[in-house]
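Note that the chains are named A, B and C in the order they appear, and that numbering of residues resets to 1 at the start of each chain.
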């Protein structure tokens, strides 16, 4: 029996979000209610969390379940499936008999159906409530460049705000890399800083998270001194949904 | 002495066909007559056959040999050469002294000449004559998607027709994948079914064969219950030539 | 203290040149004078030399040092950095305190700063003065094709001129490859031959050198019988700068 059904004309809204989430967390629940679909999961080493919110408004058609339902997803499989979506594909998510999640890609008469067995999910983390000192919004190019630039010289990157500048800073044996944007630059869309901050984060997680920047119009970054980093990508036709990552700071030894 | 010469203004007609054939069969004859050029070869494990037919009509210039000639090609080498063709390249095939096959890529005054030593070919298989229960024509995208989708979960794929639907079906530990097209869909160009059929085939061969779909306008698929699969790609300016693959069914253990 | 500063609106003029030079030589000096920036270096096995000349005219802004300065660059690092340049990026080169070379990519307010520690360079080779029998200019496509075609069958390629033809020739167990251009062909821009020549060169170096052809409008090739090959790529808005490679002939055993 089909227990819920969510249809979106443009599969691309899910492609990059699921792809990035699936690189960060190994497995994730899919909690389906009359309000929409939500997922919250930590990675195996408890350094990163992914929170995916897809309210019913971001779907073109949404048939809710009669009661709240939960499925468990092997995110590596989900990643492999959504990567197969074409630009022109429509997408449908369905749940069947509390046992299978069905992802359908395609259009009328030409449909590719992927059925994933639901897996057991042990516990679902709560989303942290944090008070950030810095909140900026940047174009996706900036954070993609910054993370990949930093990766040239180190496996850690410092993210900071000072005066009117938001910057990344990485240092290694080979040299230093400092990608930065300043207030007034087109690449820096919003910039709110309560106090100067500089905190170090592990680059390998950031490299996976920025996959979601593909297809996003902007990325919100929030952080505080020695606090987790929060990255938020809006998804859906009018940004009704969102994918949020939290990343623990790297403690200097 | 140049024994024959076949010239086509657009090398791309050969690029994808030779490339796909060269991935399926290790070596192949080139039988050259006044009617054109033909090749028939089985792969080393005798699971697949490739039949390439290039009648003189598909060439812009064709100078036949005085008698039937046969050369033997190391298809891996041919594949490596045709992959080097640019979109704008012209192509000329020549045979010399029964010892060398010459492939020329380029245009006036700018020519890249590749000379391959002819190798001995032991025997040339006959093309099978089969009575198929199902014959469909699909857009290349569909078969490419279907094969790659199936590859996500298994190394075998079932190909079938049931009612008004033509489908692929693959099942593995991770889940199930069912790409399908229905009568009336734009992706399904023709659909003739005498009886419902479902037969399993090895995916690794199919992955190589669908390389020929690049640049093809459509693909004809024929099969029967527990019979070989036949894939046909038309090649040439008006589809005068064709590349046909036969693939033995996978016997369930 | 910033000791010199060279700014160009289009980073792409440097991207391919530095990238190719960095694949051929492991380390290189950066000699900065009031006339511009020059670099000369041999590869570790002394088979190839790269000479990069960037006169002040090729920069949009050039602030020379008060005296001649020299920095040493780890070219692998430089290659990794310039590869990160976007098409729209501006580029600035700076030297600081005789200890760091700074490469800045970006545009107003959005800047990525890369700092490389200067390394010791033992000795700087002189550019050879040679009397070549053959000088041709070809479109970049031709030399890229020729080198990659030759690579299909051998690790050595003969470069030659005979009559009105300039050619590459490679021979291996699998066959022969002969890319060629003739006087009058669009791909052969200039052709001056004092005597017929054919000299063998190692392909692996050529494969690295032709990376500079990307973005170049033409490539000048000079050679003589059993002499080094010289490849010259013009760089900059009006070709004010140039990158020259010298490659020792391969002695037949």
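Going forward, a residue touches a chain if its C-beta (ideal position, glycine included) is under 8 Å from a C-beta of that chain, and two chains touch if they have at least 3 such contacts.
Since we're looking at a predicted model, the values are computed, not measured.
As for how the two copies chain A and chain B face one another, under half of their interface residue numbers coincide.
In the Cα superposition of chain B onto chain C, the rotation angle, rounded to steps of 5, is 120 degrees. Distance between chain centres (mean CA atoms), chain A to chain B: 42 Å. Looking at chain C, no residue sits in touch with two or more other chains.
Of all the residues in chain A, the ones that touch chain C in their complex are 141-142, 145-146, 148-149, 152, 174-188. By the touch criterion stated above, chain B contacts chain C in their complex at residues 74, 77, 80-81, 84, 86, 100, 108-117.
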